[in-house]
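Read from first to last, the chains carry the letters A, B, C, D and E; within each, the first residue is number 1.
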Amino acid sequence: MTSSVNAQDALLAMLPEHLLLGGIVLVIIMEVLGRGSRSALWVALGAVIASSAAAFWLSNVPYAAAPFAGQFSVTPAILMAKGALLALAVPVLLMSRTEFSDGEFSILLLSSLYGLCLLPSADSFLVMFLGLELLAMPVYALVLLAFRRPQSAESAFKYLVLSGAASATFLMGVSLLYGATGSMGVDVFGAALASSDIMTRTAVVLLLLALFLKAAVVPFHAWAPDTYEGASIPVTAYMATLTKGAVLLAAVRLFAGANVTGPLVDLLLVLPLVSIVWGNLAAIKQQSFRRMIAYSSIAHAGYLFYAFLGDAEGRMQAVLFYVVAYSVVNLLAFAVMPQNDSDEQRDSLDALKGLYHRNPFAAAMIAIAMLSLAGLPPFPGFAAKFLIFKNVVAAGYTTYAVLGLVGSYLGIYFYLRVIQLLFMTAGEAAPSEQRAGGMARAAGVLCLVGTLVLAVLPGWVLGRM
Amino acid sequence: MSEFTMGPMLLNLVLWLPIIGVGLVLLAARANDGLSRTISVAVMTVQFALATVLYLQFDATAAGLQFATQLPWIGQWGVSYLIGLDGFNILLVLLTAFLGPIVVLGAWTSIKQDVPLFHVMVLLLQFAMMGAFVAQDLFLFYLFWEAMLIPMFLIIGMWGGARRVYATLKFVLYTAFGSILMLAAVIYLVQSMQQSSGVLSFAFADLYQTQLPLSVQTILLGAFALSFAIKVPMVPLHTWLPDAHVEAPTAGSVILAGVLLKMGTYGFMKLGFPLFPDAARAFTPLLMTLAVISIVYGACLALVQTDIKKIIAYSSISHLGYVMLGLLSLELVGIQGAIIQMVSHGLVAAGLFLLVGMIYDRCHTRELAAYGGLARLLPVYSVFFMIFTLASVGLPTTSGFTGEFLALMGAFTAAWPAHLDGNNLPLVLASVAVTGVVLGAMYMLRFALTFLFGEVKAPHQSAEHPLLDLSLREKSILGLLTIAVFALGLFPDGALQKTELAAKTYQSLVTTSRTPAASPMVGVTP
Amino acid sequence: MNVFMPDLVVSLVFITYAIVVLLSFGGLLTWVERKQAAVMSDRIGANRAYIKIPFTNIKLVWLGLFHGMADGLKMLLKENFKPKTHDALGYFLAPFIVFAPVLLVFAVIPFGGTLDPAQLFPSLASWFGGRTYPLQIAQLDAGILIVFAFSGLTIIGTMLAGWSSENKFSLLGGLRAGSQMISYELVMALTIMGLILVYGTVDLGAIVRQQSGVMLGVLPKWGVFMQPFAAFLFLTAAIAENKRIPFDLPEAESELIAGYYTEYSAMKMGLFMFAEFIQIAIVGALFTTLFLGGYNLPFMSDAGFLFPGGHAVALSHGLVVPLQMLGFLAKVFLMCVIQIQIRWSLPRFRYDQMLSFAWKMLLPLSLANLVVTAVAMWLMGGGQ
Amino acid sequence: MDKVQLLLVLSGALFSLGLLGVIVRRNALVMLMCMELMLNGVNLSLVTFSQQRGDAAGAVLVFLVFVVATAEIALAIPIVLLLVRFKRSMDIDRYADLKG
Amino acid sequence: MSPYITFLLYLLAIVGFLGLVLTLNAWLGPKPAMTSTKFEPFECGATPVDFVNVKAVPIKYYAVAIIFILFDLETMFLFVWALGARPLSGFLMFTLALFIFLLVISLLYVYKARILEAVTE
């Protein structure tokens, strides 16, 4: 068992993970030595950048290997996905500076990223489960970490219970699948989709439900708004973007080469559609920015699951591109959010009133983010949505594509309402309002650059995915 | 497009100049507002000059695209950066470029807040409009088409009147709804083309080759038409327009009436009908009826408005009905008339909105009843007002006459043979459309009479603040528009020549059937 | 052929043996503790309880051996007091949860070699059908894991007792007991990791079997010679786990009255005390099993003694089994005596000292022990 | 019903009971317990399948589940404690500052 | 016979014994009337602070519980490693080294966090 491990492959294939682990260990050591606080962030940044760069480099080599047969494998596409998601973690780290002064944030975030890295590479449910848990568990702590208001505990609790229940559901599905097929490999899922065996079908339904729960698809979405609202800005940003993206990448890995067929396809058709419609409708009446983003993310989870209707080969690309496009602009919005003494104030949409007159840069960035989230061209959100719906139409689900697009139309209103608050409404600044911190603004600029690249050169980006 | 010559470069420059302008304005944003204005007017002027060069160099006899650039952009989707001039868009490009400096100059003093942002938005809008006209790739077109919304949203929403937020949201939501369906249709169209012919491309030229069964054509045309009809706007999808016009600042109204509304008719002409010719022909009676209803209904509504901006807004609905009528006639003369009418309406409506804006800046009200006898107070203003009113009515020698006359002529030319075949509808419609001209004369003259003559009334004026007549800036922009209006009215030949080939192309595209022999079932919905 | 009945009979015999032995050990150790204290402080102790044979003047003092019995009787006859506010279910269950696991642990400890009933009772040979029985109540593969699992239960019982009594001192005692026991539980598990690496199994029977024979010519192949350091750490942790002096903070009389069982009286209190004494024996048994070769006597195998130098003494099966059982009991008793010796020799730790002793001293040391063991094994060729 | 089926039914029952508990019970601690119950149902079925197939993979996953369940509880308890401190209650209906 | 059945029998015997002695105690023990003084919680000879006793557990003890749980899990993995480490190859040594390294780091972190000291402070 152990002798079959090729040391060089084990080193290279998991290089991004190794670098993250190195970062975690280094930060902990620095914390132990008592000189963490200030420099922990830089170490974590270095680790994330290095591991992202490593993933990109390996992807470009191109490198493919399965160092632990049947458990973990990488291909250039997977490495690209990892690199892209890790790169998205850089702004999250940067904007954490204003909220978290010590190293705990870095440690937890890096741990979560480690789990994220495992997901697209998982060949067996063992690794996938490990990845999902490693991804989610530090986030519970992160939600609680910046304890700004009593709701934080509540939101962490809700997230934990729902996510825990999702994990258990996932495991039950895995167990049944294992019982039916005798294999722990994720590949069996694809074949199981079309199976008519009652146990297998139950397993598939459970797995899908777990994914829907983790990705907050209606009707399993109730935790998302509460959790997002109670967490602090960098954590919400992380949850809304990277965590969701990672879950979707896990789903891509799960569906692997399988085209969606069989009796369960209705589940994949209807729930995402409902998610799109309900997410967009519910977002309209929100008074809190983070809740609004939560409902928007529920709708976006719907779009992302739409990608699974498309043909198998384009799926990874579609999901990854969407996740990157969606995350970049979300992070952009969060990065430039002005600071306020109280978290409630910082979070309230009313605080954005007339922001343009106080802080034109922030207002413009948030506006760009909102427009991109709404999927209006020329922002990257449009190209991403286009790709997904193109695949859906190509696969023959034209009716659902049209319904999905109409659903996305419903969302335009509330995104525009944010712009209306920013630009067209007079509002006084709260006395404690300040511009976002320097590092956060740097994160914003990074995201802006990313947004522009995605908007101007989507072809170039797609060619690499 | 074999070799890279000065021509394509020039078109690219015309397209991208506003973006350069945006950069410059942003750099100057911290300095003073005047600098922003100067930069943007300079950029617009240069753009207009270059567009004029393009117009002059445009070879009316050459088929195909001119000054074309094609660069691969999103290769995976068959999307390329493909722009070029042809008979369809040459006049509209010129119109857009011409209105650019006029808009900026028109807003010179009326926009006082957030001046740099305003100019950024105007420049972005200019870029998007220009892009939508010159794009020869459906994806690119859609991109520009949608991108127009955002600056317009802000222009109305930030610098508009009291109910600006309501109006601008209504505008965007209406327009976006059509666009979403159009997007679905675009995706379906390209996908089915790829499946039937194996070609993955968004280029118009390729898409004109698609073979689709009539049922599919109908649905797709429905989606496209909805989007375009909202933009035109055709009754009954017009309700956003009065609100948007009334609440928009003068510059916004000018752009909206001058260029943005042309997008819809341009879309019909360039995309809607040629892409789905069989469906277009099948639905001509319906569309034509709607066009005539637009003409008459718009005119009737204009007749009873008390808000001066609304009168012009409803007149736009009426005037664009002629464009649709001309396009649907499928007669060369009607098509050319439609193109001329587009340009003409762009000039005339722009002039009228500018005039209304100027009086609003002075008197701060748009109530028709509040005004009267302005001819005594503001002689120069009144002269210009009369000119544009008459052009709007369609007095011969003005551009309005050329456009409406040719469009109606097209309608009758098409109607007569049909009448002989026993189909009386076209003839009835054409006849009803003519009443639109009369109604147009009625509401415009009512407007002008109450406005300029009679008892002298003008709000917000006193001894300390006398009502000033037009400044040099205002005179010059109105003068420019007047020259253009007369030029197009007196010498339409040049413009007609440039568009003749395009009109023929359109005619042949729409009249050729493109249903496949054996309809391949693509994208069957489960 | 029905194999159920003989199995059942043997099991019942073993169970009876185990319970009798453990209970007597528990009773005996109360006396040993007193007596040893007396001896160490150079006084005569535990010599008052006696049985007077009726109608004679003969008092059977027997070195005060009856003290244990007297204790038991006294507790049976005391008032069963319940505090005014208490959690009824928890209060009732706690003694069970404390007492039962302690005895249960013994199920997996082999207290002798392999029994072949056919050799002992030739007349019943056919009934047994040639089956042999290792002297162990339940031969579970999980072995040592069962030990840890059930000693973990004791913690719950302890804390439950403290919490359900609803007395401030009880609660504090329970909490102290909880944090102490979990800390040392962890250490205990880590200390034997080296041993498990060496033996490659967690089945206690297998571990004991591997300890038969000799190494380096003369030394018995006992765990204590292979892992002397681990043996020391294990004993320390085990004593602490049992909350005995010097680690008796949860029930420190002078601080917390009786800690978590302050509010218990009569037999329930007796059970807590009794459990503690039985656990002394269990710790001894575990230590014996893991480190002292279990029932293996030096140089002895199932066939008899084989001394270094070639002298051999053959023994019959009927002799070997009792010898092994006695050897086991003797070793256990020795370990109990050592524990009591420690109890009377050392002062009590302070609470924070106790915690940091576990976490900062024993834990790193046991890790080091594991690493050193692994490295040594690796250098010696991977422990084939 | 043979042994395997019995075990599977039991595990399914545990899982469903847990799921039901998470959904309907309002006490924070009970919800956590129900979550653990779900995991235990999973573990039971994994071990059963693993035994049935003579394959270690299922048992290995059980180990991971242990770890995860423990870590989850380690995180959950302080969260519940914080909640209790703020709300003086374990009833999650009283945690209604955030309305889902 | 399955060892588990034996185990169960043993458990039954133990519980039976417990039940027996407790029942005997309940039967034999005196049952005097309760007095209010008897019901006062005993607090080290001092007057009781409060008649209502406490049930709340100080939060700091949970910290110890949590680190125990986490390290106990590590121990579980070490068990598996120790059982499976045959033959003890270089790769296995490397995994042990890595594992122990991480364990030590986290242990140091626990020291740094002063969780143990907090219990008595």
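In this text, contacts are C-beta pairs under 8 Å (C-beta built on N, C-alpha and C of every residue); 3 or more make two chains touch, one makes a residue touch a chain.
All of these numbers come straight from a predicted model, not from anything done at the bench.
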{"item": "Least step count from chain D to chain E, where 1 means the two chains touch", "value": "1"}
{"item": "Any chain that touches chain E and chain A", "value": "D"}
{"item": "Minimal step count in the chain contact network, chain A to chain B", "value": "1"}
{"item": "Per-chain Cα centre nearest the global Cα centre, belonging to chain", "value": "A"}
{"item": "Which of C-E and A-D has more C-beta contact pairs", "value": "C-E"}
{"item": "Chain located farthest away, centre of chain E as origin (C-alpha)", "value": "B"}
{"item": "Per Cα centroids, the chain farthest from chain C", "value": "B"}
{"item": "Geometric centre distance via CA averages, chain D-chain B, whole Å", "value": "63"}
{"item": "Between chain B and chain E, centroid-to-centroid distance (C-alpha), Å", "value": "80"}
{"item": "Whole-Å gap separating chain A and chain C, where each centre is the average of the chain's CA atoms", "value": "54"}
{"item": "Gap in Å, rounded to a whole number, between the CA centres of chain E and chain C", "value": "17"}
{"item": "Numbers and ranges of chain D residues touching at least 2 other chains", "value": "71, 78"}
{"item": "Listing of all chain pairs that touch each other, if any do", "value": "A-B, A-D, A-E, C-E, D-E"}
{"item": "Chain A-touching residues of chain E, taken from the complex the two chains share", "value": "89, 91-92, 101-102, 105-106, 108-109, 111-112"}
{"item": "Chain E-touching residues of chain A, taken from the complex the two chains share", "value": "2-3, 5, 7, 25, 28-29, 31-32, 34"}
{"item": "Complex interface listing, chain E residues touching chain D", "value": "59, 62, 65-66, 69-70, 72-73, 76-77, 80"}
{"item": "Residue ranges of chain A touching chain B (in the complex, touch as defined)", "value": "356-357, 360, 371, 376-378, 382-383, 386-387, 389-390, 393-394, 396-399, 401-402, 405-406, 408-409, 412-413, 416, 419-420, 423-425, 458-459, 462-463"}
{"item": "Touching residues on chain C, where the partner in the complex is chain E", "value": "3-4, 7-8, 11-12, 14-16, 18-19, 23, 75-81, 83-85, 95-96, 99-100, 103-104, 107, 137-140, 145, 163, 165-169, 171, 175, 178-179, 182-183, 185-186, 189-190, 193, 196-197, 200-202, 256-257, 262-263, 266-268, 270-271, 351-352, 355-356, 359-360, 363-364, 367, 370-371, 374-375, 377-378, 382-384"}
